[in-house]
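Dropping the structures in below, format is structure tokens.
In the two assemblies presented below, subunit A is common to both, partnered first by subunit B and then by subunit C.
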Partner chain A sequence: MAAQVAASRGFGLGRPGWRAKREVVRTVFLARIKIITRYKGAILMEALLPIVFAAMPVLLGITVAAQQGGGADPGDLFCAKTKINNLCTTNFKLYMLLGAATFTVVSLMLWLIGYWVRREQETGTLESLYLAPVRRIWVLAGVTSYAFLRAMIAFVIAIALGSLLFQVNPFNSGMGLAIVFLAIGFLPLWGLAFMFGAFIMKIKEADSVIQVLQWILAFLMGVFYPITLLPGYMQAVAGTFPPTVMTDGVRASILNISFIYQSAYGSLAVLCAMALVVPLLGYQVFEVTERRLRRKEGVGHY
Partner chain B sequence: MDAIIRVENLSKTFHTKERKKGEKKKKRVVQALKDVNLDVFVGENFGLLGPNGAGKTTLIKCLTTLLLPTSGTAWVNGFNIEEQEDSVRASLGCMLMGERGLYWKLTGRENLDYFGALYHVPRDVRAKRIDFLIDLLKLEEFAHRTVETFSSGQKMLLAFAKALINDAPILFFDEPTVTMDVPTARELRRIVRALNKEEGKTIVYTTHLMHEAEELCDRVAIIDRGEIIALGTPNALKASLVREDIVKMEGILPASVVGKIRSIPGVREVTVQAAPDGRASLAVMCENSRHLLPRIIEAATGNGASIEYIKPQDVTLEDVFITRTGRSLAVDTREVVKEGAGGGTGRG
Partner chain C sequence: MSKKKILEFSRYPIAFVALFVQIFLIIAMFLYASLAFTPQGSDPTAGRQVGAQIVYGFVIGLFLSFTLWDIGFSIREEQTRGTLESLYLSPASKFASLLARVFAILIWVGALAVFAILFVGAVVGGLPLQNAGLALVVLVFSVSGFLGIAFIFAGVTIKLKETAQFLVSFLQFFFMIFSAQFFPFSALRQASPLIVDGVSRWLPVSYSVDVFRSVLIGQTPELGPSMEVELLIVVLFGILSPIVGYWTYNRLERGARTAGTLGEY
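Moving on, here comes the complex of A and B:
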């Protein structure tokens, strides 16, 4: 049985074409940009964070090296402790800066989605989104594109300012490969962001979860150290975590040190596999979660 | 007539947890909707009335696909709410959350553009539609400002405009005039009437304001404890009570007065609404108010009542509700069907 179809039909009936979908992504993306630019200074402030974040271990390393006496060079000490396959770097400042900047990228990608879901729930706009005939994947694509741009702005500013401040030079022949790692690494990050968004939508809490996960994430990614320093089982876990492979790839490319999966090709192959699987898995998790919520109290319940 | 919305045996159950001070957490099963059956016809302005917690919003959320029903189903514009969700959504324009559901850091115009894109309204059509809505709802003065600077009534007007952005054949309005001043609310009702009568939109209008429902709606369903207890045109529903008169009384009325009035032969029902200042108002439903009025006054004053106002009144939709349920619309009627100690899943 079905009720009679009305003579008048609203917009959005029928299958929207690519132009309509692209328009959704564009509109959501531009709206997010407009909103963030109305919070004065937000983008610049978050770009300074990785510099502060990297400065802490850099200064700690210099202090520890000075205490060793005998004119120990902090770079040599760092190289000795982090040598893998007879490869290491003495440029510990750039090592820290790249780790902190990549961590900011990962952090922004994940947390922006989490905060976005929570904020939309609280303000009622999430229900407004669910009242529209648009598929969630296109809205999420708009939001993640925005998160990507914001993360890239923070990364570039942090690397540029950090390089001046720490007097390091990240521009060498490995820069191209590092950008490839960064670009491919964004795809599994999208998937993780979808999963994280679903989790926040379900538990209806963002702040405390982000506070905890932030440090777990930093720990597993090896922001300031190679994960080979971790116990074996933790290395196994960290190695399957896309941000770890991404960070490692960016750093190994520029600093010419060992890759987590032996070679640049090995690491790239693993990251590509993650780029294929994780976004699909993430969106599936998001869809299952939203359907369960609609079966219970509704996605907008806050 | 053709049904544009058909609801068949729709039920919705929520599992909740409740913790009272000093007590263990209890899980509750709340039956928000019980086997609701309903047809809304093409071009109809249909009212949903009921007190808080009666199930109105749950029914609307099921019909707009925000909630999935526990059992039963419904069709909106010919599309099933569970299997053809996007087509159902494309058929609807909704204002369900009052002034919520807007982006406060975007301007009024930007909000309309954003939601227009989500409804796949083409960009050039969207721009014209936004201009039309800004003109229709007189939003020119503030549409260029960010929503955070709007008054509550202005936000409501923008939320109303948002519901019209996709020019949908079916419109859902959940208490749209609730924070508006009197002239704005009157203007909005005029627009709702015009959308219905001149543009042929089917409207589902939820309100607890009886005069709104009587003024706007072709038919109303009175919903209570998740069930539809009365359905018909406002006049037909009121006519069902014409055998009865209603006497409204206000003042300081001791509790014993209710029992005394209830015991008068010919009095069918007495409902009480207490005010915080110690005053109360009574609605006495009786067969012949002229004949019984002296006895009602005597029963009240003889039991210590101080009457400030008493008058036989016309039957309203609220009286229909009171007659059917024995309660006032002001009472929260969320129904708990099962209670038990311990945990369990549910909404917090």
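Moving on, here comes the complex of A and C:
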């Protein structure tokens, strides 16, 4: 019976059905999870990183306040300098923690996809992957799902542990809205991750590029400051960048401060538009890049 | 080995440029973070002081993280490529082989540090720069001390393999916070005096940061009782750390050779 089905489908030329596609996503996902469970230190580091990352500007803020003299309170100084539409927060510790945790999510999503492409290139399995009778989107879906899970684990641990350490409470208000921003924000992140993967596939030097892009991201996202502190042209660029809107939304929801697009509705509308356009654009870029590479030197070169 | 490293670096020009850009982005981000706390029309001298605290601590941090990363990472690379075992069969000095791994990157980090200081100086309108000669001596002894820690990590990399990388990452951030690389120790003390008295004071790296910064800014050091005592600690760190580090490395390496795990990864 199985042989008959195989013959009728043309010995491997048949298109895989939904069950097979789901299996591909599951297999890729499980393979990645299995690999990472061998490196528990990596998961721990990812969770601790945002806390360390947030601690630095917090301590820097305390230093700046001390330099001003007169027992200036860093929270008051931060509030005065970052006030937008008469809204600001004195809870600069939570501001930094949320920024750093969201940045870790963004950074991990891009890093894990980019590094996956590079790793497959280096180990010589990327070309073999292209010979498998499955569309790339399902393989990528498996990898991105894994990246999503890993990023969320880091986010949750970082917020929980960071809140204890900095003695802040992120659950005072707006947590539901913040989760909505985070959930919608993941979709454009997927798109960006595809673009990033394509870029790595083309230029090949993953480590250095990932690192520098990571800091460009952090700079534009306003991890430690509102983007209104940036020069006008940078604000314009940063405002069209999905991670900026996501970070801003998460922070504004919880800390009850001004949204980048004036209101939660405005920011959500922009993020939803990005969630529609960026993943499609990202996958398109990925496909075009790999097609070009296959026509020229092939995807196996590294 | 140094030539090989330089040749390898020259093959990846994008990595070089990326590293350069990365340094400026990190500094710019922290400068903006400090700007978020700086009131309008505040005294520019305070801004310069903060800029100096950030960049001078950052310079020490740069040397520390590159020394730690480069030796461990380079050993790991040899392990995964399968050339580590063959390297140990060659009649070359193992100490020279270890040292050569960081030689090229240290020159590059030196250049990066100069540009970082110039960049911050330009942004904040000049930095205090006193006793540059003494600061250079402090830097030399500090880097020598960092090499000792890096030797230990080279040994740990042979033993722990991939996990050692996470350990180095952790240490890098540990020193970043507890050795107050981006802020003065007074900020840590404000968070909790226990952090300074219970942790920072016991780390030689903290004294490197404190002395280097204090000498250049022209202020009294924060950790020790006097500048002389802190200078002595840094000099001793610079002399003893490589000896202890290399001894530890030798023990770990011998252990791996006895167990036959040197080539494993």
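Note that in this section the second predicted complex is superposed on the first by the 288 of 302 C-alpha atoms of A that agree within 3 Å, B and C clash if a C-alpha of one lies under 4 Å from a C-alpha of the other, contacts with A are read in each partner's own complex, and residues count from 1 in each chain.
Note that a contact is a pair of C-beta atoms (placed from the backbone, for glycine too) under 8 Å apart; a residue touches a chain by one contact, two chains touch by 3 or more.
This structure is a prediction, so every number in the text was calculated from the model and none was measured.
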Between subunit B (first) and subunit C (second), which, if any, makes contact with A:229: first, second, both or neither? second
Under the stated touch criterion, which partner chain does A:216 make contact with: subunit B (first), subunit C (second), both, or neither? second
Partner chain in contact with A:133 - subunit B first, subunit C second, else both or neither: first
Partner chain in contact with A:261 - subunit B first, subunit C second, else both or neither: neither
Partner chain in contact with A:115 - subunit B first, subunit C second, else both or neither: neither
Which of the two partners, first being subunit B and second being subunit C, lies in contact with A:35: first, second, both, or neither? first
With the touch criterion stated at the top, can you tell me which subunit A residues are shared between the subunit B interface and the subunit C interface? 39
The residues of subunit C that touch subunit A in their complex are 12, 14-15, 18-19, 21-22, 25-26, 28-30, 32-40, 42, 46, 49-50, 53-54, 162-163, 166-167, 169-170, 173, 176-177, 180, 182-184, 186-188, 190-191
Can you list the subunit B residues touching subunit A in their complex? 2-6, 8, 14-15, 39, 42, 61, 64-68, 75-80, 86-87, 89-94, 96-97, 100-106, 110, 113-115, 117-123, 125, 146, 162, 166-170, 200-202, 345-348
Which residues of subunit A touch subunit C in their complex? 39, 41-42, 44-45, 48-49, 52, 55-57, 59-68, 72, 74, 77-78, 80-82, 92, 203, 205, 207-209, 211-212, 215-216, 218-219, 223-226, 229-230
For subunit A, which residues count as touching subunit B in their complex? 1-13, 16, 20, 23-24, 26-28, 31, 34-35, 38-39, 123-125, 127-135, 139, 204, 291, 294-301
